[in-house]
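Multiple structures follow.
In the two complexes that follow, chain A is the common piece, with chain B as its partner first and chain C second.
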Partner chain A sequence: MSQFIAATGFGIVNAGIFALAAVGFTLQFSVTNVLNIGFGAIMSLAAFVAYDLNVVVGANIWLALAIAAVASGVLSVLINRGIIQPFLKRGTSFFGMVVITIALDLIVEYAVEAIWGPTFLHYNVAAGTPVTLGSLTFTHFQLVAIGISVVGMIGIHLLLKRTKLGKAMRATSCDARLSKVCGIRTSRIHDAGWFLSGTLAGVAGVILGLTLGTFSFTVGDQYLIVIIAATMLGGIGQAYGAMLGAVVIGLVTQWSSLVISGGYSEVVAFVILIAVLLVRPTGIISGVAADRNMAA
Partner chain B sequence: MHIWQDDVSTSNDDVSTSNDDASTSHDHIEVSLAAEHGRPEPILQVADLSAGYGGPPIVSGLNLTVGKGEIVTIVGPNGAGKSTLVKTIIGELRASRGVVTLAGKPVTAVPTELLVRRGIGYVPQRNDVFGMLTVRENLEVGGYLLAKREVGRRIQETLAYFPRLEELAARRVLVSKMSGGERKMLALARALMMRPEVLILDEPTAGLAVQVAKTVLHEQVPALAERGVSILLIEQRAADALEISNWGYVLVSGMVRISASASEILGRKDIGEIFLGKFSTDTR
Partner chain C sequence: MSNSDIYLLTTLLVYTGVAMIASWGLDLQIGETNVLNFGFILFEAIGAYVTAILSLGPDTANGGVQQYVFGAALPFPVPWLVATAAGAVLGLFMGLLTLRRLRGDYEAVVMLVMALVAFYAVSADTSLLNGSEGLSLIPAPFQGLVGGGPNTSMTYRWVYVAVVAFVCLLAFFVVRRITSAPLGRALRAVRENDAVAMSLGKDAVRLRILVQVVGGALGALAGAMLVQWVGAWAPGSWTYPETFTLFAAIIVGGRANASGVALGAIIVPGIILEGVIFLPSIGPSYLTPALQWVLIGVLIIGFMWFRPQGIIPERRRRFPALALPGGVEQSGAIQLVDVEPRRS
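Let's look at the complex of A and B:
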C-alpha cells in the first residue's frame, strides 16, 4: 500500500509536468496545424539556459526558470517566422513540415550538446525538507512543480475561455479562413501560439531538470514520446484533452512500475494510447482530430 | 487545383451553348444597360475585373454593381466563375486586372482580414460558423474588431433579429450540434456583428432542405436588406433568389452575359433555358 501511495505521488508530479508540456504541444498544433517535433529540444535548451543562469550567473532557480521560459517562447516565434512560415508559404505538405521539425529538433538538441557537452548537470539548489500531505510525501520542488502546473492549467483555461486572444486562438484553430473573414490577423495568432507553446516547453523543461535532479541534453526528447502519447490520448489539439491525457499517463506509468520494471513506463504509456485509440480513434476528446481527418 | 480543373471543363461546355445564342444575349445587354440608370447609387463596384489561378483567367473583364440597399443576385452554371469572383472580391485571390471599389474607395488589394473593417461582410458557402465555439462565442469572434463594451451591445442587437438563436445561445448549445438552418442563421448573425455595408452571401442555401432554403431566401435575406445592408447574393436556386432581388447578373464562362433587373430575367423563360439549364423546373 505504501508503495502504491509513493507511486501515486510520483505520478501526480509527472502528470503536472506532462500537462504543462502536452498543453503547450497540443495548443501550438491546434492553432497553427504544424506538428512540432522540435518541442522536445526546446525543453532541453530551456533546462540548459536555466542551468547557466542558475549555476554560472548565480540567479535564483525560479528567476532562471522564468527567463529560460520566456526565451524559449521568443525562440519559438523566431523559428516560426524564420523557418516554418517560409516553408508553409511554399506549400510544404503537413508531413513535409513534420520532417522539418524533426530536423529542427536534432539541430537544437545537438547544438545543446555542442555548447554544454554530453555530461549530466544539476541545478544549484538546496534540497529543503520533504513535505507530507496526508500519506503522500513530496520534496519541496515537487510541490512547486505541481503548483506551477495547476496555476498554468487554470491560466490556460482562463486564456482560452475568457480573453479575446484565447477566443481568437480557438477560432483560428477551428477555421483559419473564417477567422480572417472576421478580421483576425491569423499570422499574429500563430505567433501567439508558438510563443505560448515555447514558453510552456521551457517551463516543463526546467521543472523536469529540477525534479529529476540531474539531466543531460536529451532530457526533452526522452519525455517527448510520453508527452505525445498524453496529447494523442486526450485528443490531439485539445488543451483539456492534453491535461486529462497527462494525468492518465502520469499516474498509470507510475503505478505500472509497481508491477513491471519502471524502464518499461514508455511502453505502458503507448499500450494505454493504443488501447484508447482502438476504442476511440480521435482520442478522448474528439474535435480537432475529427475535423482534420487525423483520427487513428 | 481539382476545383479549377472542373471549372475549366464545365465552362468549356458552356461556351458552345452561349456562342450559339450570342446574338440573343447581346440584345439583352443593350436593353439592360438603358435600365441601369434607374438603379440606386452604387456601394460595391467591380470594374473590368480579371482573376484566376495562374493559368488563363477564370473571370475576365467582369463588371458589376451593387447599389445601396439592393439585393443583387449572380446566377450561372457551375464553373461560370462565381467562386473565383467572390474570392477575388474578398481578397483571397489577387486580381490580374481591374478594380473593386466600396463606396468609391478601391479595396482590390486589401487582404481578407482587413476588408471587414472597410465594411464588406462575407458568409462563405461551407464552413461558415465556428463549430467548436458556442453561439455567443461565434458572435464575439464576429465582433472581434469591436471594443469590448460594444461587443455585448451588438450581440443583443443582433440576437434580437434571430429569436431562435437567442434561445440556442441561452442554452449554450454547441454550434456543431445545430441544424443547417440554425447554423446559417448564426453565420448571417456573425457577419452582421460588424454592421457591414455590403454582405456577400455565397450560396447561402447550399446543403439546406428545400423549406429551410426558402425561409433563408424569402425571409432572412430580405430582412437583412430592410436593415439597410446591401447584398450580393450568389445562388444556385436562381428563381427563388431572383424573386427577392432588385438586379441580376447571369455569369457564363467568367463573363457577365446578362445584366438586367431581376424581374426582367425572371420574365424571360428563354434566358433560364439558355444559360441556367434547370432554371425553371428544378429550382422553382
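Let's look at the complex of A and C:
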C-alpha cells in the first residue's frame, strides 16, 4: 500500500508537469492549427537559459524561471512570424508544416547541444526539507511544481472562459475565417497562442529540470512524446482534455512500475494511447479532432 | 589510396547505399501515397535484428555474453531474405492497425508511437534482444568466399560495397516498376485525393497498406545490410530522429522521384552525415554531430521554402487520352493529358 501511495505521489508531480506542457502544446494546435514538434526543443532551451541565469549570472531560480519562460514565449512568437506564417501564407500543407516544425526542433535542440554541450547540468538550488502530507512525502520543488501547475491550469481556465482574449482564441480555434469576418484580428490571436504555448513550454522545461535534478539537452524531446500522448489521449486541441490526459499518463506510468519493471512505464503509456486512439480515434474529448476530420 | 582511406570510403558507400534503399521505401509511403510514416526506422530495426539472430547462432555461442531469442546460423543470403519478409509482415501489421481507421496526423503519430513502444520494450527486456546493450559480434556474411572479413581484407570491403550496389540497383528497378505502372498512378491518385480515387474504384486503404508492406520490406532489407556491415545493433542505433534523416533525404532530393531520392540519400545521410569522417575534427567531439543535425534542419526548411519539389522534381506525366466509349475516336487538339504533380 505504501508503495502505491508513493507511486501516486510521483504520479501527481509528473501529471502536473505534463499538464503544463500538454496544455501549451494543445492550445497552440487548436488556435493556430500547427502541430508544433519544436515544442520539446523550446523546453530544453528554456531549461538551459534558466541554467545560465541561475548558475552563471547567479539569479534566483524562480526569477530565472520567469525570464526563461518569457524568453521562450518571445522566441515562439518570432518563430511564428519569421517561419511559420510565411509558409502558411504560401499554402504549405498541414504535413508540410509538421515537417518544418520537426526541422525547427532539430535546429533548436542541437544548437543547445552545440552551445552547452552534452553534459548533464543541475541548478544551483538548496534541496530544502521534504514535506510530508498525510502519508505522501514531497520535496520542496515537487510541491512548487504542483503549485505552479495548479495555478497555471486555473489561469488558463480563467483566460479561456473569462477574458476577451480567451474568447477570441476559442473563436479562432473554432473557425479562423469566420472569426476574421467578425472583426477578430486573428494574426494577433495566433501570436498570443504562440506566446502562451512558448511560455508554458518554458515553465515546464525549467520545472522538469528542477524536479529531475539533472538534465541534458534532450530533456524536452525526451518528454515531448509523453506530452503528445497526453494531448492526444485527452483529445487534441482540448485544453481540459490535455489536463485529463496528463493526469492519466502521469499516474498510470507510475502505477505500472509497481506491477512490472519500471523500464516498461513508457511502453504502458504508449500502449494506452494506441488503444484509446484505435477505439476512439478522436481522443476522450472529441470536439476539435472531429471538427477537423482527423479521424474516420 | 591507403588502407585507412579505403576503410572510410567503403563505410561511406555502404551507409549511403543502405540509406538509399530505406529512403526509397519511405518515399513509396510519403512521396507516392502520402502515408506519413514517422516510425519508419522500426523497419530497419526489425530487419537488422532478424538478420542478427539468424546469423549469430544460438545465444550460448561466444560464451553466452549476450541473450536473445531463437539464434540460428543460416548462410547468406537467407537472413537478408527472411529479414525482408519480416519487414513486409510488420508493415502489414502496422497498416492493418492504423491505416484502416485513423487518418492524417493520428496515423503519423501512432506509427511514431509504435516505433517508441518497440524501442522501450526492446531496451527494457534483456532476454529478448539483449536489452539496451544490444547485440554485437554479428558475423559478416560470405567471408569464406572472399577469404577474409571486413577488418582483415580490403577486398572484402569492396565486395560488400558491390553487393550493396547490386541490391540498390535491384531496389531501384522494383521501385521504378511500381511507380511507373498503373499501380503507381493509383497510388498518386490516393495521394492527391483519396475520395476521388475511391470513387473510381480504387481501394485507397488497400493501396496504403500495400505501400506500407513494400516500404517495410525495403526498410528491413536496408537494416539487414547495415547490421552485417557494422556487426552490432542496439536500440541506440534506431532512435526515432533517425527517420527524419530519411525525410530530409527525400525532401532535398525530390519526393516521388526515385532518382531524386537517390540523390538526396547521397547528399544527406551520405555526404553530410558520413562524409565528415574525411574531415579533420574541430572542437569537442559532440560539436560536429550537433552541427550536422542543425544543418539538416536548416536544409529541410531551406528546401521547403526555396525548392519544395526537391533537386530533381517529380516527373510531369503525360498520358495518351482515352478513346471515348463506343469506339468513337476523340477528335480535336487534345491528344495528351498533362498531369501536374502536387506542389509540396
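The working rule: the second predicted complex is superposed on the first by the 295 of 296 C-alpha atoms of A that agree within 3 Å, B and C clash if a C-alpha of one lies under 4 Å from a C-alpha of the other, contacts with A are read in each partner's own complex, and residues count from 1 in each chain.
By our rule, contacts are C-beta pairs under 8 Å (C-beta built on N, C-alpha and C of every residue); 3 or more make two chains touch, one makes a residue touch a chain.
What you see is a predicted model, and the numbers here were worked out from it, not measured in a lab.
> Should the pairing of chain B and chain C on chain A count as a clash or a fit in the superposition?
Pair status: fit.
> By residue count, which of the two partners contacts chain A more extensively, chain B or chain C?
C
> On the A-aligned overlay, A:L258 touches which partner chain: chain B = first, chain C = second, or both, or neither?
Once the two structures are laid over each other on A, A:L258 reaches no partner at all.
> Just to be sure I read the superposition right, which of the two partners does A:I228 touch: chain B = first, chain C = second, or both, or neither?
The second partner, chain C, only.
> Between chain B (first) and chain C (second), which does A:V131 come into contact with in this model arrangement: first, second, both, or neither?
Touch partners of A:V131: none, neither chain B nor chain C.
> Please indicate which partner A:C182 is in contact with in the superposed arrangement: first for chain B, second for chain C, both, or neither.
first
> Rounded to a multiple of 10, tell me what angle the C-alpha centres of chain B and chain C make at the one for chain A, in degrees.
After fitting both complexes on chain A, the angle is 90 degrees.
> Please work out whether A:I5 is in contact with chain B alone, chain C alone, both, or neither, and reply first, second, both or neither.
neither
> Please indicate which partner A:C174 is in contact with in the superposed arrangement: first for chain B, second for chain C, both, or neither.
A:C174: touches chain B, not chain C.
> Give, as a whole number of angstrom, the minimum Cα separation of chain B and chain C in the superposed three-chain arrangement.
Minimum over all C-alpha pairs of chain B and chain C: 11 Å.
> Same chain A residues contacting chain B and chain C, which ones?
After superposing on chain A, no chain A residue contacts both chain B and chain C.
> Mind pulling up the chain A residues that touch chain B in the complex?
Listed in rising order, the residues are 164, 167-168, 170-171, 173-175, 177-186, 287-288, 291.
> What does chain B use to touch chain A in their complex?
Interface residues on the chain B side: 90, 92, 111-114, 116-117, 122, 124, 127-133, 137, 140-142, 144-145, 148, 190, 194.
> In the complex, go through chain C and note every residue touching chain A.
Against chain A, chain C makes touches at 34, 36, 97, 101-106, 108-110, 112-114, 116-117, 120-121, 123-125, 241, 244, 247-248, 251, 284, 286-287, 289-294, 296-298, 300-301, 304-305, 308, 344.
> Help me check something: in the complex, which residues belonging to chain A touch chain C?
35, 83, 86-87, 92-96, 98-100, 102-107, 109-111, 113-114, 117-118, 225, 228-229, 232, 261, 263-264, 266-267, 270-271, 273-274, 277-278, 281, 289, 293-296
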